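Listed next: structures, encoded as structure tokens.
Shared between the two complexes below is chain A, which has chain B as its partner in the first and chain C in the second.
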Partner chain A sequence: MSSAPATSDLVSLTIDGVPLQVRKGTLLVEATKMVKQEIPVYCYHTKLGPAGLCRVCLVEVEGTPKLQIGCNTPVAEGMVVRTRGENVEKGRAMVLELLLVNHPLDCPICDKGGECDLQDYAIAYGRGSSDLADPKTSKPKAVDLGPTIVLDEERCVVCQRCVRFDDLIVGERQLVLKDRGHRNMIATATGDPYRHNFTGNVTELCPVGALTSKTYRFKSRPWDLRRTETSCTQCSVGCRMNIDLRHGNVLRTMSVEGDDAVSDWWLCDRGRYNIGYIDSPERIKQPLLRRDGTFVQIGWDDAFALWAKAIRSAIDAGGPERVAAIGGGRLTNEEAYLLARTMRSLGVKNLDWRAGRQRQATPGSSGGTLLDLERAGAIVTIGESPAELAPVMDLRVRKAVRHGARLIRVAAQEAPPSMPFQDVADVAAAAAAIPANVTRVALIWDGVDNALAHAAFAALSREGRTLLTYIAGEQGNARGAEAMGMLPFAGPGYHVADAGHDFDGICDAALSGKIETLAIFGANPVLNSADGAHVRAALQAIPFLVVTELFMTETAKLASLVLPAAGAFEKSGSMVNLAGDVLPTSAALAPPDGVLGDFEIVVGLARALEIELPDSDEIERATIAAAAALPVGIAFGDERFAGAAKKDLSGEGLRLHVLHHAFAGGGTLAHDERIAALQPEPTAAFAAADADRLGIRAGDRIDLVGAGGTIGDLLAERRDTLAPGNVAFVGLRSGSAANEIAVGSRVRVENIRHSDVPVEA
Partner chain B sequence: MRKQLFNVGAILQGLGITFKYMFAKRPTIEYPSIKKQHAPRFHGLHELRRYADGKERCIGCELCSSACPANAITVIGAENSPDARVSPGERRAASYEIDELRCIFCGLCEEACPTDAIVLTPRFEMADYRRGAFVYSKDRLLVPTDAGVGTPPDERPNGIPADLGRVAEVKSTTNVDRGYSATHRGEVLKTERKGLAG
Partner chain C sequence: MPVVKVLTDGIGEVDLTDIAIYRQRDGYRQWERAVRELQSSEVLDIAERSGLRGRGGAGFPTGKKWSFLPAGDKPRYLVCNCDEAEPGTFKDHMLLERAPHLVLEGILLGTYGIGSHHAFIYIRGEFKRGYEIFSRALEAARAAGFVGKNLFGTGYDLEVTIHRGAGAYICGEETALLNSLEGKRGEPRLKPPFPAIAGLYGMPTVVNNVETLAYLVPILRNGPEWFAAVGTERSKGYKIISISGHVRKPGNYEVPLGTTVRELIEIAGGLREGRTLRAVQPGGGSSACIFEEHLDLPYDYENMAKAGSMLGSGAFVVFDDTTDFVKCAFNLVRFFAHESCGQCTPCREGGHWLETVLHRFVEGRGLASDLAMMRRVSSTITGLNLCALGDSIEPFLKSVLQRFPEQFEARVLREVASA
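Presenting the complex of A and B:
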């Protein structure tokens, strides 16, 4: 909260006879909310500000001859405002009549019908009939704007909320208002499909049914839906989110108005549209045991008994060092806590949540909040930028840049963002690029290279400057998993514990036959780790591998025992987001028959092992305490989190970087055909110098060949911001060989097929 | 006692009532070969109607199910494919189900329908042995393709007209084999026995 304003900043006025004092510059539409009155609005939106386009917010201000618009009239000393009364009602009724001149009355067909501002206001303030008897204009009804959005031109009331969202919030400026007069319509400026990470928000902003989501069109009416508020677990931002269900199916997700601290009222398309997997028929519904090379269905009791027997015999034979457990980034805090506690009570120390490339999720005591981020004067990103890892956090970065912050990318591999930025080669150059007068600097790291993060922190720290750190990681509850003790060297609340192997160490031990049984909870390291081939070999060397999953992922296919687990919408608990906020998640629906949540799975295992478990109150208390524990003693780029020295990957050829993309990857993304169009085309980007040397033009098709395999049929792209000697690959998906080539290893380009029409890079 | 036994007057009086009804017009109808004439606005089994060109009137808007006080109607909407439209406009009913055991035949669905798609016919014969058989879906509710009436709104200029909710001069929309001819508000057509027997 900001401090109380000085008296000179306050303005006294009267609204509907109620005297009040508000801050200078407040708009009437916001001031009116304080006296519990409502001014109808279409073009005004709290997060977008006023535009003064629709004129429906007319109010009467004493002393002015005409009605004033409430959305763009700031308060003034001694103002007397009436939001009701004959004049206001007449004015609003006229505006509504004009808005409805060409708006079709097909409310029974319209998806917005039932939650439509035009419908509601027409009933509340409209006349109910019209003097305008001429026929309405006919316009195209279902214009395909892009892979996610359909536009109904007839219904558009030209409030321009979507255009302003694209301009003011996202900064992409793809949507524009085309043509004039009654031919006025929304379109993309270039005519290309409307496509960025936040397109779904325009369907919520649209006050009428003009912009609709392809995934939800005509599936339901708003009054059929049962709503559950939860937190999105698909990335580490943890946006508050409403899940709307009908007949037990997740039909849509909506952002939560008023969630200023985390999501800033927005959702990314990944969080909004990746929901179809929940109802996928491909989900595993029963425990599967590998027997003679094929999976057979078994019951849960047998599964727990077999698993417990494997753990017991491993401990009896060689001690708890031969047992390991991986997971936590996709579990709730409670599940991660119970897993860590159960394992540690057996003496198992080989615990780690880090089954991907990310090494660290807790930014230490310098960690900032998301609100702090938008107030930073300079933002430095090291490693991958948060644009694809944590899209809604990226909106805060864009907001900060719009307010004048300088965005500095260190050794960036990604395509240039659609905002002012500066690329520098190393952290020293980044430190030099920060203007001297900037006192608040945000440092965003992808959590992969600890040495680089440590160096960046040291280089950017300066007397009289606040350095805020953020780690935008791969998995939703990575920070929670660390707080709950799913780390090889720390227990719940970051208390130092006896050190075991981290994931790399577990893999190495497995290859030398020292791991008897490993349990992987909700992770797919074969696809997502830096060296998929190495992980695959290690997991194949483990005699009894248990994987809890929703789908038969690359990792689950290697398991001896696959246990079907509940998805994110099917379990309640809490998570810790990248800024350390503890967020509740609520079960919106029950898991399918035969599927258990990871919590029940750990409980089942503990019972089979005859381990005494704490009662649920104690688990809750311990989880809350651990989640609230301050990350004392953890440095940004802490060397305890750093992995073992990497294999020497130097050699001839280009260095391979595999970049994240909000819709790239396996797991849940591969099971909903409605989001297939959002997945990136597999692309390889080359520095201009490399492209010229190899004779690659933008738009060519190429293959990348590395030590582990071939990534075939990639679209080539030239990227001037990329440093020579590197190739950046985007578009990892299930079944691609990309994960078989170690990230950072050397690849060569083969089989260049020139396209007929060169594409502009 | 004896006097009572031979009270011929009383016996004749009693038998008189019997004889009177022997010659009176019989109220019993030989159901099912003969069926009773219903009140003009009798509410019986539902039917989903079509336009004259065979398109379904139902647009899947679910107003009937929201009006239904017994929660008997379940509609699931879907998008019309522009090439093969099932109903006029963009929306259609992918599934339309009425649980006739829940239905209280109040007719509010009929009142709520913006396209006069759902109507209550005077048909009342829906006995069955299984409860599940009383959930009527589109295959039993929809009238035959050639039994439609009226012009669909997208064939008129400017999309959906103001008189969407009004349907004029609707006569029969069903064949006589189904029992009563479906009617529209007001006029009930008498069942032809010939049709029933054949």
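Presenting the complex of A and C:
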């Protein structure tokens, strides 16, 4: 791909008098960029390809009497192209005049004003006046399309980028063009709210101010925004992202045009819209110490001193085995590195980033890039599919499927995807389902069941086939945390270290009184682990629990000391995404007064412990080296990463699965009221056979009861892809009882309330 | 009078919807002969040598169109376009209702000629009667062993699928038709790729008009030379002309191409008493008018183009001296604006704008400046659109604005006009 094209693949032409050579098949609109000229476009978009609708991209090709559209005309040998000149200007000016005939020109109150392609092209190529003598048609100006987007029909230039995005990129086909002629308008096909994980992209694709985000409407003008480019850290894809601030407030996030390697120019709605928490009044802004059952505010110096004292006395009393630290998946590489190094310098080996259900983040030496993924001929998913865990990665999966890849899901519990797929029972069946002529297979795993991953790798490996592995897990920088040494058995760069306890082991040790102090950096295991009740009991048994957090999470509430930490946009560093790309993160704003970044928190602790720290150059060198280290010796589904044997969870009833959802969970998502509209309704999905047996209809309300508690008032759904004997719960939230029943344990259905109107399954 | 009976043979005399009667008149004989005795390439060759050109509007040589299909073993399809909605055209549904077996035999021959096993016929939604008649004809032909598996024991299979449209003129445009047939929104596709390369369900496809396909039957029966012997140099054979407007006997008349414009008017009974001719729209609503100086032109593809118009689908509308050309122009522009799918800026916005302005003229509220605006806008949008509908807005309007400016000027508001 990176090799220079052979001369036979090149075509020579001239554009506006400038000779150039480009690859065969290149469209004039792209070739023109190479000679630093512009062909204006509305319907064309590099990622969507030509549509040929708006007709603003007119160019003149010598020897062709009619003007041609630059967006759908490929280069040809000897072609002479003019992007300006009388004919072109006349046609283009006509198109612009026509677009303005019924355009409201309410630029002064339009969010797009200042970054609008209609404004820009009208000024650059328009006529400046119009013969319009009739009133403009008026159309609805604030159509509520769904939880994220508002449509102004008058401003729409009907370029259909939004429609084509929904079809070609997302595959949802929710947005359509309704009616015809000048009456046509954008709407959802069914009339239902426009809703999926990628809706916000249409506000960026829209060349005018027709589609606007509810979170940003009427908030700012583009020239008042200050932009910082960074990486989204909300999941392990690490999409490149621009953050726009006005007067120190984050107003919006935007994708980064040209980011082919990671985001493919898109963002998911979680990454895009989960920004309201940053200035939530509920953020913790001062260290809090538990005293007589309540939290009191203390200063940072006191906090560091108390914490250091707890660590010292634990080590003095029983050795470093009595100390533990958890974190990394939400930290930068630098923070994770410094944390691991500080702890190891004290002899502490009980280090782990894994406080949820994921066991492994590094896919081994077979790990593929995101670009590789879209070129796979078959994609096999084991565990949960990446749709909710790594949304923008799922767009690559969809792209591959669109290009003909076979999508095969092993024992999937989640909803069927909106693309062709095949569900199989086990990895052997998956291997059998791959067509013999497919030479590139991608294997995507959620990082939970190592034995399954190991078996899948073995089953799919074949002579003459490239097997690329991916782990789409729970936390943004999980792979970075592993590379930085936040593992109980490996230091930075995966160098084997003296083994300590993993998180499960730390919990078990805590329950038998063997852990004096544990520090948890940016994790909420009480809500997110497989067995919340067990974790809660363990944490309660620890005399001095320290939690660094933005909010009073379920876990923070159990702490002796809660330290207010900076959010992702408030600190700089780097991360390693699921494909191994090392990505910079840049602070867009300073944390609130009284709040420190985790890096400064570790530094403060180290000082209080009088530990000598490396200087910043050395930290940088060490993190770069660790992030670049090849994961040699790490297998896909490596047994060293595997968890302890599961408790016996057999018994009567249905097996409980708790599925991820981009907008489910606690943490930052719980602190933005606008996100609340995107959160899934707590739902329990049943296999049709179980639903029939239990008399459950879609739309009913039910309770799930298991050892540990009751998850009440769930919406029942029937799902054909679910294997009988299982129930899939979606919609975990802060305060939900779901985490009190262990994932994988047995539950029974109680209190079925039939809905009056059955909902179609 | 040069009126002939080729496709129209028997129509109005016998019940050609009855398969027995159709067969008594040699029906399905060419079909049987083709399957038993001819290679599909021979059928293509016959079509090519006959000089048959598309009767749907564009007049593209039929055999040449078929030859664009790439070789290979991808499935390929023939689609018969029976959406007939061009203003003034009413020949296809007559054939569908009155000679359904002829239409079907033509479809079968065309399908065979392109080496396909599956034909579709897209029938305009309003043609309920034609749809029912054709459906019965198809069933009868299937029962008689002309459609289905292992035809005439040769191992050749052919299936025909009927699809009803939902009443949009744009679905007659071949790529909009394919989208509609696939269950998508009926809007034209960006070309290339052309249907011959990626048509129905992405497969190589030929779209042909009802009349085009029907002519294959007599061409096979009488030989390509018989057809090519009639007509003018590049417009061969016969054509059904739908003559309407200010004539005494409007209707469908089958004639050799090259019959003069004057003869066509006479065939349809001539003008009414005391009326004089003002204009003829010779090729459907999309075509520009021709005038008395064109009366002796042969009615064929080349001469109509030379006169600044086109033959189109053969819809021939006659206007006498009682005609209000402002209303006519408004009516047609409103039609195109209403039927525009709205994808392209020039067609969508330009059509609507012109309709709005013309509506004011009809009401006597024109502005002097509107005349230049209409000329400028209608001519600039022509050629900028994705499909030919957008380019159909200008021709009639332009020709009557030029020929009858006084009719428009009379509708300009006085005070404003003098201001």
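Criterion: the second predicted complex is superposed on the first by the 759 of 761 C-alpha atoms of A that agree within 3 Å, B and C clash if a C-alpha of one lies under 4 Å from a C-alpha of the other, contacts with A are read in each partner's own complex, and residues count from 1 in each chain.
We take it that a contact is a pair of C-beta atoms (placed from the backbone, for glycine too) under 8 Å apart; a residue touches a chain by one contact, two chains touch by 3 or more.
Given the structure is predicted, the values throughout are model-derived calculations rather than measurements.
*Asks:* Look at where chain B and chain C land on chain A after superposing the complexes, then choose clash or fit.
*Replies:* fit
*Asks:* In the overlaid three-chain picture, which partner chain does A:Phe218 touch, first (chain B) or second (chain C), both, or neither?
*Replies:* In the superposition, A:Phe218 touches chain B alone.
*Asks:* May I ask you to decide whether A:Asn72 touches chain B, chain C, both, or neither, giving the answer as first, second, both or neither?
*Replies:* second
*Asks:* For A:Pro108, decide between first (touching chain B), second (touching chain C), both and neither.
*Replies:* In the superposition, A:Pro108 touches chain B alone.
*Asks:* Does chain A have more residues touched by chain B or by chain C?
*Replies:* Of the two chains, more chain A residues are contacted by C.
*Asks:* Could you say whether A:Asn184 touches chain B, chain C, both of them, or neither, answering first, second, both or neither?
*Replies:* second
*Asks:* Per the contact definition in the header, classify A:Leu99: touching chain B only (first), chain C only (second), both, or neither.
*Replies:* Only chain C is touched by A:Leu99; chain B is not.
*Asks:* Does chain B (first) or chain C (second) touch A:Glu282, or do both, or does neither?
*Replies:* Neither partner.
*Asks:* Looking at the overlay, what does A:Ala142 touch: chain B (first), chain C (second), both, or neither?
*Replies:* first
*Asks:* Regarding the shared-chain residue A:Glu618, is it in contact with chain B (first), chain C (second), both, or neither?
*Replies:* Neither chain B nor chain C is touched by A:Glu618.
*Asks:* Give me, in Å and rounded to a whole number, the least C-alpha distance separating chain B from chain C in the superposition.
*Replies:* So the smallest C-alpha gap separating chain B from chain C comes to 15 Å.
*Asks:* Based on the A-chain superposition described above, do chain B and chain C contact any of the same residues on chain A, and if so which?
*Replies:* none
*Asks:* Write out the stretch or stretches of chain C touching chain A in their complex.
*Replies:* Against chain A, the touching part of chain C is residues 168, 170, 185, 187, 190, 337-346, 348-353, 356-357, 360, 367, 369-370, 372-373, 376-377, 380-381, 383-386.
*Asks:* Considering only the defined contacts, which chain A positions touch chain C in the complex?
*Replies:* It comes out as residues 50-56, 58, 66-67, 72, 90-91, 94-95, 98-99, 101-102, 131-134, 137, 157-158, 160, 176-177, 179-184.
*Asks:* Contact residues on chain B for chain A in the complex?
*Replies:* 59-63, 66, 76-79, 82, 89-92, 114-115, 157-160, 162
*Asks:* What part of chain A is in contact with chain B in the complex they form?
*Replies:* Against chain B, the touching part of chain A is residues 104-106, 108-109, 113, 135-136, 138, 141-142, 154, 217-221, 223-224.
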